Structure formats: structure tokens, C-alpha cells
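Both complexes shown next keep chain A, but they swap its partner, so chain B is in the first and chain C is in the second.
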Partner chain A sequence: MIDVLSGVALITDPGTIIWIMFGVCFGIILGAIPGLTATMGIALMLPVAIQLTTATGMAMLLAVYSGAIIGASIPAILLGIPGNPNAIATVYDGYPLTQQGRGAEALIAATVGSFVGGIGSLLLLGLFAPLIARFTLRFGPAERAALALVGLTIIASVSERRVAKGLLMGAFGLSLAFLGPDRITQTMRLPFPSITTGTPLANGIQLVPALIGLFGISQALYDIDRVRSGRLTPPQVSLRGSIPKPRIFLKMWRLMVESLGIGTFIGAIPGAGASIAVFLSYQRAQRTAPANAASDAPELGSGALEGVVAPEVANNACKGGSLIPALSLGIPGDAATAVLLGALLIKGVVPGPQLFVDELPLVYAILFALLLANIFMVVFQVVGIRFFPKVLSIPIYILLPLILVFSLLGSYAVEGRAIMAASFNMGVALILGVVGYFLKKHDYPIAPIVLGLILGDMLEQNFRRAMRLARGDYTVFLRSPIALAFILLAIASIAYSVRRARRAKAAAGEDDEE
Partner chain B sequence: MPLVWLAFSIAYLVFSLSIEERRMPGGDWDPGSTALPVATAVVMIACSLYLTLKEYLTNREREKAAAPGDRRAAAPQTKPRRGAPAHSRSETAADPRATLRLSMLTVAVLAIYVAGFRQLGFVLTTSALLFTLTYYYQLGDVRLRAVHVLLRHGGLGVLATMVVFYLGVTALRWSRYFGRIWEVEILRNRAFTAFLGVLLWAAVLLPVFLYVKRRYLDGVPREAEQAQERGPSEINERGVVYRAAAWRALMIAVPTTLLLYLVFQQLFRVALPLGVLA
Partner chain C sequence: MRKVFVVLIIMFVVPAMVYAAGPPETEWPDPDETITVVVPFGAGGGTDLIFRELVEEMNNHTEAEIIVDNIGGAGSATGTNEVLSLPADGYTVLASGAHTVTATLQGLTEGYRELEGIIGLNWDPFIVAVHRDSPWESFDELLADAADDPEALSFGNAGMGGATGVLTVGMNLHFDGVFNVTPFDGGADLIANFLGQHVDIGVFSQTEVAEHMNDMRPLMIVHPERSTIPELSDVPTYEDAGYSDLDVPFGSYRSLSVRAGTPADRKEALADIATQAFESERFQDYMRRQGLLPEYSRLGELDEYFQELEDLFYPILEAADLLDD
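Then we have the complex of A and B:
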């Protein structure tokens, strides 16, 4: 109890609270700019954090982390451009809601989802950190390859009725992921190697510029035909009338709990990334949304609140999840937590099992700082909801050029100070933007490309390592209970998606006959 | 479209087969560096073959279903036919040709922006890009007649951005210099100097913009009416509209470029190239 109180005392002085508020604000602004990630924000604030006490510095960095995650949902909902890769699934229902004039409602749903995910994962972190950390240590190459396979099967569900097109796009994403060096043997996999070897393409295609191109630039090009109508979306309804009733969210409790579990668990697996978690929870929402019937548009993908809440819960739960191996084992769950660990190490604090013995007040201080960051995140988001949708009242002749410039500068900013590679990223974003525009015009789903790009590297490396360790025995994936469970999940996921697609086709056929 | 994908998939298969096959040291069981690319190419070929076949069969069914001699009815009608009445056109896009021209202009301008970003620098390229797009998006079409206004006002806009930018950057340098000489920490702080930059640029630009608004924008409808009265020439009236659009584009491009520089370079420490300004 004394440790808890000491931890709380470390955080509750006014100076620390102001730093947390600043961190959340900074994070929200950073996250809302496509291309600027939470990792970048934490790295930028690292020199400031070092000047502060360990608890205050960590509190401020965690606030930046929390703010950047919720900030990424703002452009995803209002403009259809995810602020970072973890907000991709939020676009599916968030942007259609905005197009229906319900942008404020979607932002509130995202805030509720983020709060539940943040606080829920915090509780799980406090209660089960050592247990979950020990379990995730059992993840070897076979288990990780099977997890990547589960991630790839989501292609079928995000493609709706266009399963063949979705598969083709997923394979296209994989082909992009395989460009550049083979991470295991360093073999160059480049077309026209004599020309391309010395160029930034030799490092492969980065995810963020590809994401910005496929979602941001292609959407802006797609919206050019609205230039004459003057506005991007219909005018927003007043905020007072658009606040969803609490019972709508209460009805989603099961979906939220499931997404929380998915997010925390995936977040705790080092290197798995929140992108898989958000798609898995979105897939979960697809199955449960019709039963919930909580919103006016229960069909996911056409503006259902469940489609915003589920990925946002999972995305924010990953934040707590990634801290589990970081604090209890000293293994960072993702790039952002790696920088956080760096901050701790600079301060002379060594993360690992001993941290829970030697520095227990600091652990509680970190947990309490996350709690405060989540509360401030909700406060700022609720205040901001009055102003964020105003961006849509900007005339389209101003908004579209701004989106295009922000998209290109966002893909440039990923590289920070390497001008040559950064300029190359702009080219990648532009080319994929044009490709994405044509794909949209011909009704090809775009999300599978991103899934392929995210999971390609993870699948290949772990599959090859697993095969080598098992001496070429393919049954390694069936002998490991975790890998087997994932493979069964992948099969079930495909079977469900195919059944759903058939039902949807049959229903469409009936409608046509009527 | 499926045929394009089929061609791409075959090209990717050829490329995958040409990759040097390497396995990890001592790893005879490693499937190698070409295994997954080749598998991906095979999946792509299978999917694109399926889609090609499906499209072919759908087209054939549609042709069969249509009455003989009425082939046009069988074809999917994505855009209104030539000579269709105006009301039927307005049900689809406002003007598909204008949209196509604007799309082509956007892609071309973005490509030039990306190509020239490093050599010409952020300030010059960004202000020119923002000006061009805002100008033509206001007009809703790409008209050659509007080019001279674009060049005149665009040139003015880029020049104004560069001058104001240079003023701001010089002031920031002096601020840092005096911060160092007088040992005043805040004068060297990036956030403070960024704030100072905003104040300085606002002080320079605001009076100019207020003047431009009063002089060139407030009276646009009246001026257009007068131009119309002077003669039936559309050019007269359009000239006024073009000029107003150009001034508006200029008022958007200049401050936006400067603000973007402050946000990305000063606050988030992204190394934006100065190009010719360096």
C-alpha cells in the first residue's frame, strides 16, 4: 500500500500534471498529422524528459504516446486518412459516418473506445503483467508465422464480397513487402538491380508512405470530382443532437471486452504490432454487430459505430499490452516502447522482473500516469470534438490541396533528416496514390494491400526460421498448441468470411429479383 | 483491369525467379529467399486469371442478354453519351471532362513537386503547388485562358513567400544569436522562436491581405457585372473571376507554406530542403 501511495505521490504534483497535459495535447496534434507517429513524438520529447525526474519524464512520454494514438483517429474519421497504420480499421466506418454528417458521433465513439481500451489494458497490466509476459515468451517463429497467417486471413473479411480481388490485392501487398533486402540472408530482391541497388528502394518500401499514398492521396484524387460542388461532405449536424446515448455503448460491452483482450494480448507479443489487433477486433465486430444492432447502420463498413469502437479499443489496449513485456521482461513490444525503455535506461532504471521488486513505486507511478493521460485524453478529445469537424466546413478548393501537401510532407517526415530517402518516400506515396485511385475506380479493396505490406516481413522471417528449426518438418505448425490454435482460427475466419460473402450475394440477388 | 493485373503478375513471377536463391548459413531446411515471392506470384496469377475469366463471362452473358443490334445497351454505361441532354449529365459528375483535366493536372503538378522538392526547396515548390491547385480548383476546370493569370499571380505568390520566409528566418537567426550572446535561454528555444516567427509573419502579411481583400476580392461580383455590361465577351467577366481566384489562392498559399515550415522544421525537426534559397 505504501508503494502505491508513493507512486501516486510521484505523479500528483502540479508540475507533473501540467507535463502530462502538455504531452497529451502534443501527442494529439502529432497523431493527427499523417506520417508523424507516436514513436517520433516520444523520440522528439526524449531530450526534454531526460531533464525532468524519472517519474515526471516517463509520465510526459506516456502522455505523448496516448495522445498520438487517439490523435490518429481524427483524420481517419474526418478525412478517411489514417494518421498512422494503427488507425486503418477506423477509416472503414468512421469516414462513412462523416459522409453521412455524423462525424462528431464517430469521434465520440472513438474517444469512448480509446478510453475503454486504455483503462482496461492498464488494469490488465496491473493485475496480470508477469503472467501475460511469461505466456508471450512461449511465442517462437512457428507461433508468430501462424499469427501472421491469421492476420492475412482478415483480407477475406475486409474485402466483403470481393474475395478474389481482396486476395489479389493482399498478394500485391506481399509483393511490395518482399522488395528490398531479404532480412535473413541480405539477398537483394530488386527489379533492374544495376540501376536500383544504390537507391533508397534498396531498403524496401516503408509502410507509412505506402499507407499515406493508398489512403490519403488516392482519396484526395477520388474527391476531385466534388470540386465543383464546393464541399467534401454534407454539413455536420449540431453536436448536441449527435451525442450517442450511453446505452448504445453499454450494448457493445461484449465487443469492447473482446477487443480489449485482443489488443492487450497482441500488444504484449513483441513485434506483432497493433495493426493485426485492430483488424482482428474489426473482424470480431463484423460478427457481433448485427446481433448488437446498436446503431442505425448495423452493417459494418457503411457507418456503424461498432466499426469505430472495436478497433479503437484494440488500438489503445495495445498500448498497455506493449508495456507488459517492456516493464516485466525488458523486451519492447513495439518501436514506441523501445524508445520509452531507452528513456528508462538513460535514467538508470533497468526494466525487467527486478523492476517490480526494486522500483515498485515507479511502476505504480507509470500506471497512474497512464491513467491520468487517458483521462486528459478524453477531456481534450471531448473539448476538441466541437472544433475538429470544423475542418470539413473548409471549402474543398482549399482542403484538397492541403490534404495533398500534408500527405506528401507526412511521407517525407518519416525519414526525419535523411533528405534523399525522404524524397523517395514522397515518390512512393504519389505512385501508390495514383495506383490506389485506379483501384478504387475499379472497385478493388485497398486495405488488403496494407495488410500484405505489414505482415509480409513477419510471415516470411518467422516461417523460414520455423522451417529451419523444425528441419523442414511442416507439422511444426500443428505440433505447437498455440500455432495450431492460430491455424484453426485462420480456417474458421476464412470459412466465416466465405459464408458471409455467399449470404450477402444471395441477399443481393433476392433484392435484384424483387 | 484484370488483364493489367495478369500482366503484372507474370512480370512479378519472372522477377521472382530471377532473384538470387540464398539460404541462411547452415540452413538446408530454409525455404530460401525466393520461396515466398514465387508463391505470391502464383497466387496473383491465379487470382487475376479468375478475375479475367469472370469478366469475360460476365461480358458475354450481358451481350447475350441484350437484344441483337443493341450492343450499346449491353455495355456498362459509366459516363453519359455524347449529345445526351444536360439534365442527364448532371445526374453523374458535374463535368467528367473537367474532372479528368483537373485530375491529370493534379497528378502532373504533384509529380513535378516530388521531382523538384530537393533541388528547388520546400518553400518554392510548396507555395507553387498550393497556389496552382487552389487556383484551378476554384475555377473547377483547367483552362488555357487562365494560364497567364496563374503565371503572373503565381510568380508574385512564390516571390512573396520567399521574401517573407527570408525575413522570418533572418529574424529567427538573430533571436538565437542574441539568445547566445545575452545568455537568454528562451530566445534559443525552438518553440519560442517558432511562435516569434508566426507573430512576425502575421505582422507582415495581415495588413497586405486586408488590403488585397478590400481592393481585389470584396468588389468582385460588382466588377464582374460591370465587365458583363461592357460587352457580351465572356473573357471580360472571366478575367475578373480568374484574378479573384488567383488572389485568393495567393492568400492561401503564402501563409500555409510558412506555417508548414514552422510546424515541420521548427517544431518536429524534419529537415526540409531549402534548395535554391540555401
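Then we have the complex of A and C:
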């Protein structure tokens, strides 16, 4: 108890609280700019944090982290462009809601979801961190490869009824993921190697510029097209009467609990990351929504609040989840927590099991700071909801060029001062933006490309590593109970999608006959 | 048309002439400029922390501001290539070392062939460890089991391209390929897989082992001297363990370099600043606490040292088929 109190005392001075508020604000703004990630925000503030006391510095960095995650949902909902990978899945229902004039409602749903995810994972972190951390250690190469396989089955869910096109796009994404050095033999896998080796392409295609190109630039180009043909009408943004009733969210409790579990757990597996968690929870929303939907509820993908809440719960839960192995084992769950760990190390605090023995007040201070950051996140978001939609009242002929400029800036900023890599990233964003524009125009789904790109590396690396460790014995995937369970889940997921597609086809057939 | 031509000439030629004449050579570095030390790895990692410590001390010895910039990717090749793309004016310095040599030999960058040394800093010797729950108490026992069933025991590194990769490959060559050398996705990934016992043997830095003493059993430090970290002072050296003929690079070596063609007086100035920081009580004390072994060299000496490193690494990478072809 004394530890708890001294922990709380570490961060309840006015200075620290102001730093937390600043961090959340900075994070939201940063996250809302396409391409600027939580990792980048934390790295930017690292030099400031190491000048502060350990607890205050960590509190501020965690606040930036929290803000950047919720911030990313703002452009995802209002413009259809995720601010960073955390908000990839928020686009599917968030943007349709905006187009129906319910953008403010979607922003509130995102805030509720983020708060639930943030606080829920915080509780899990506080209560079960060492336990969960020990369990995630059982995820070796075989288990992670199987998890990536489950992730790939989401392609069927996010392709709606265009499964063949979705698979094609997934394969395209996978082939993008295979560019770069082979991790085992260090051989370059590049087109025109004599030209491309030594360029940043040698490092493969980076996720953030690809995301900006496929979602941001392609959307802007597509909208320009629609403006020219007069088919784009600016969405209505009015706040009146659009505050969703708490009852609506209470009814989603099961989905929230599931997304919380998915997010915390995926976050705790080193190297898995929020982008997988948000898709998995979105898929859960899709599967569970028909069961609890009153007949008038919109279908997922066409503007359902469930489709916003689930990924927002998951990405915030991921944040708490990634701190679990970081604090209890000293292993970062993702790039952002790697920088956080670095900050602790610079301060002479060694994360790991000993942290919970030697530095208990600091651990409580970190947990409490995260709680405060979540509360401020909600406060700023609620205040901001009045202003964020104003972005949509900017005339379209100014907004679209602005989006293009910010997209390019964002893809440049990913590599900060690395001028060559940054310029190259702008090229990647532009090319994939044009490719995405043509794909959109011909009704190909974009999300499978991103899934392929994210999961391709995880699947390939871990599959090959598992095979190497097992000396070529394929049964390694069946001998691990976790891997086996994931493989069965992947099969079930595909079977479900096939059945759903057949039913939809049958239903469509009946419609035709009528 | 003619007017336009004249304007164009003025626009391009005049600044070029002014630039060519250059500002009058005064004191270098300019107190208003910023010197960037590019660390070709992510923020918060082992190499990053060492250079941040050094840079903080370097700032006490010059008026100009010195900052750290992390440009990770492709082993260390992305950051190295960035430095090579910037002007050779001394304002951009690379955190170079053993990683630069391996990345160059693998053809990922022109690397040290286009770089010139400022100062050499230290070695961070690696430790070979097994899990506490494993049966092996010494490297002898481990090797005996490995020889019984070659490639049954997996030997993990943090990536083939880096220093841990070279060490594992080199050791495996030395012991006739009895280990199954498996690369992981960086140090953190290797530790996670090691703690989960998905890999039998791992190679780690001393600080990593010290952090995880509850789970790691260090078998030997791949260096002629014992560790200066108290918890690790019992770990036998490879000579103590009876393998004095084990001639492999013993860890991670770190230095500072600039792009070739940087004026000699600027290199001198940088070497002076860095040397003062290196010799400071604070940095020396930091190295002792982290178990880093000082290996100082200056300017031309460092270039020669890089040549020695290449000679050391080349046969290992060649035998493992990791060379650029």
C-alpha cells in the first residue's frame, strides 16, 4: 500500500500533470497527421523526457503514446485516411458514418472504445502482467507463424463479397512484403538488383508510406475524380441530436471485452503489433454483430458503430498489452515501447522481473500516469469533437490538395532526417497511391494489400525460423498446442467466410428470381 | 528571352561563385551549427545508449550543438548510406563499428570504403548463454551434446547481418558446424525466443545477460579478459573454458567515422572533441559499469583497425556464404 501511495505521489505534482496534459495534446495532434506514428512522437520527446525525473518523463511519454493512438482515429473517421497503422480498421465504418453525417457520433464511439481499451488493458497490466508475460513467452516461431496465418484469413472478411479480388490483392501485398534482404541468407530479393541495391528499397517497403499511399493519396485522387464528375457531395456535419445513448455502448459489452482481450494479448506478443489486433477485433465485430443486431442496425462496413468501437478498444488495449512484456521481462512489445524502454535504461532503471521488486513505486506511478493519460485523452477528445469536424467544412478544392500535401509530408517524416530514405518513401506513397486509385476505381479492396504487407514478413520469417529450428519437420506446427489451435481457427475462419459467401449468393439469387 | 537567360546566369552562377569562394576559414565547428551523430540503429537499443552517453559528454567540449539521430534499417546499411549521401563537411558523423564492416562486406553499402575514421571507442564482448532450466553447466558439456547429434542444438543470433550473426557463424565454423545457427529479428526478439526456450543457445551482450540473470546461464565470455560487471565476473573467458584457439570476433566494436573527403582540420577537431569525451571520468566510468572494453584509436589508426577487422570477418562471412557476390 505504501508503494502505491509513494507511486501516486511521484506523479501527482502539478508539473507532472501538466506534462501529461501536454503529452496527450501533442500526441493527438501528431497522431491526427497522416504518417506520424506514436513511435515517432515518443522518439521526438525522448530528449525532453530524459531531462525530467524518471516518473514524470515516463508519464509524459505514455501520454504521447496514448494521444497518438486516439489521434489517428480522427482522420480515419473524418477523411477515410488512418493517421497511423493503429487506425487502419477504424476507417471501414468510421468513414461511412461521416459520409452519412454521423461523424461526431463515430468520434464519440472511438473515444468510448479507446477509453475502455485503455483502462481495461491497464487493469490487466496491473493485475496479471507477470502472468501474461510468461504466457506470451510460449509464442515461438511456430506459434507466431500460425497467428499470422489466422491474420491472413481476415482478407476474406475485409473483402466483403469480392473474395477473388481480395485474394488477388492479398497476394500483391505479400509480394510487396517479400522485397528486401532474405533474413537467413542475407541475399537481396529485389527487382533490378544492380540499380536498387544500396537504395532504401534494399530495406523493403515500409508500412507507413504504403499506408499513406494506399489510403490517403488514393482516396484523395478518387475524390478528385468524383468532384470532377459531380458525384461527391460534402458530408453533413451537425452535432445536434447525434450523441449516441450510453445504452448503445452498454449493449456492445461483449464485443468490447473480446476486443480488449484480443488487443491486450496481441499487444503483449513481441512483434505482433496493433495492426493485427485491430483487424482481428474488427472481424469479431463482423461475426458477432448479426447476432445482436436489431433488424434496423446497419451492416458492418456501411457505418456501424460496432465497427468503430471494436478496433479502437483493441488498439488502446494493445498499448497496455505491449507494456506487459516491456515492464515485466524487459522485452518491448512494439517499436514504441522499445523507445520507452530506452528512456528507462537511460535513466538507469532496468526493466524486467526485478522492476516489480526494486522499483515498485515507479511501476505504480507508470500505471497511474497511464490512467491519467486515458482520462485526459477523453477530456481533450470530448472538447475536440466540437472542432475536429470543422475540417470537413473546408472547401473540397482546398481540402484535397491539403490532404495530398500532408500525405507526402507524413511519408517523408517517417524517416525523419534520413533524406534518401524519406524521399524514397514519398515515391513509394505516390506510386502506391496511384496504384490504389486505379484499384479503387475498378472496385478492388485495398485492405488486403495492407494485411499482406504487414503479415507477410511475420509469416515468412517465423515459418522459416520454425522450420529451421525443427530441422525441416513440418509437424512442429501440429505439436505445439497453440499453433495447432491457431491453424484450426484459420480453417474455421475460412469455412465461415465460404459459407457466408454462399448464403449471400443464394440470397442474391432469390432476389433475382423475384 | 535574353533577359531570362541573364537572370538565370545570375541566379546560378553568382551563388556558385560565392559558395566556391567559401566563408573565411575560422574556428570549426561553427557554434551556430549542429553536428549530427547518425546511429544506424533504433532509439533505445544498446548501441544507441552508448552513443547517447558519449554525445552528451561531447557537448561539454564544444560550442556547437551535437545531437543523435537514429536511422535504423537493413542491419546498419540504411543509416550508413544516408551519411554517405550527405556533404563531407564534418557536420554528419556516423556511429560506425563492426556493424559497418559486416554491412560493407555483404554489399549492402559502400560503407567503410567511403568512410574515414575519427576515433575508435570500445569493444562490447558477447556472452554465450543457455537457459537456467537447461542441463548444460559448462560449454564443454554443451559442445559434447552438440557433437553427439550435429545441428540438433540451435544457436540463435540477433540477425545474420550483425555482429552476433558473425560470432555464431564463426563459432559454428570453428566447431565443424555442430550447431544449428538460426537468426532472429533483432536482440529483443532473440531474448523473447530464448526466454521461451524456443532456441537452445543464445549470444548476448553483457548488459542483456545481467538484466536476465534469473533466466540466463552464461557459459563463457568471448573475450580474453573477464567482465568488469560484478555479476558477470565469474563467467569464464574462452581461454579459461579451454578454447584459446577460438579465433572469432569477440563482440561488438564501436567507433566514429565521417564521409571520406572531409577536410583534415575538421577531422582533427572532431577527433579532439570526441577524445575529450572518451577520456572524461564520466564516460570511462560508464564503460566500466557496462562492461565495455576501451579500444582507443585516432584518425588513421582507426582506418588501419578497420582493415584488420575486415581481415578477421572476411573468411567467416565467406565460409558462411554471406558475402556480396
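Descriptive notes on the structure:
Heads up, the rule we're going with is that the second predicted complex is superposed on the first by the 493 of 514 C-alpha atoms of A that agree within 3 Å, B and C clash if a C-alpha of one lies under 4 Å from a C-alpha of the other, contacts with A are read in each partner's own complex, and residues count from 1 in each chain.
FYI, a contact is a pair of C-beta atoms (placed from the backbone, for glycine too) under 8 Å apart; a residue touches a chain by one contact, two chains touch by 3 or more.
All of these numbers come straight from a predicted model, not from anything done at the bench.
The superposed arrangement places chain B and chain C next to each other on chain A without a clash. Once the two complexes are overlaid on the shared chain, A:P200 sits against chain C while remaining clear of chain B. Taking chain A as the reference, the larger set of touched residues comes from B, when chain B and chain C are compared. Using the contact criterion defined above for the overlaid structures, shared-chain residue A:M420 touches chain B and also reaches chain C. Within the superposed three-chain model, A:P141 lies in touch with chain C and out of touch with chain B [touch as defined at top]. Judged by the touch definition given at the top, the superposed model places A:P332 against chain C, while chain B stays out of reach. Once chain A of one complex is fitted onto chain A of the other, the partner contacts of A:G101 are absent, as it touches neither chain B nor chain C. In the superposed model, A:L430 makes contact with chain B only, not with chain C. In the superposition on chain A, A:R471 makes contact with both chain B and chain C. Taking Cα centres throughout, chain A sits at the apex of an angle toward chain B and chain C that amounts to 90 degrees, reported as a multiple of 10. In the superposition on chain A, contact of A:G301 is made with neither chain B nor chain C. By the touch criterion stated above, A:I184 is placed in contact with chain B and with chain C alike.
Chain B and chain C never share a C-alpha pair closer than 6 Å once the two structures are laid over each other. Across the two superposed structures, the residue set of chain A contacted by chain B and also by chain C is 184-185, 188, 416-420, 468, 471.
Chain B meets chain A in the complex at residues 1, 5, 12, 15, 19-20, 22-24, 27-33, 35-37, 40-41, 43-44, 47-48, 50-51, 54, 93-96, 98-99, 102-103, 106-107, 110-111, 113-114, 117-118, 126, 129-130, 133-134, 137-138, 140, 252, 256, 260, 263-264, 268-273.
Taken in their complex, chain C has these residues touching chain A: 36, 42-45, 48-49, 52, 67, 69-71, 73-75, 77-79, 81-82, 85-86, 106-110, 151-152, 154, 159-161, 180, 182-185, 188-189, 191-193, 195-196, 198-199, 211-212, 214, 321-322. Listing the residues of chain A that touch chain B in their complex gives 30, 33, 36, 40, 44, 164-165, 167-168, 171-172, 174-175, 178, 182, 184-185, 187-189, 191, 217, 220-221, 224-225, 227-229, 396-398, 400-402, 404-405, 408-409, 412-413, 416-420, 422-423, 426-427, 430, 434, 437-438, 442, 444, 456, 459-460, 463-464, 467-468, 470-472. If you check the complex, the residues on chain A that touch chain C are 43, 46-47, 137-141, 180-181, 183-186, 188, 197-198, 200, 202-203, 270-271, 325, 329-332, 335, 338-343, 345-346, 350-353, 415-421, 461, 465, 468-469, 471.
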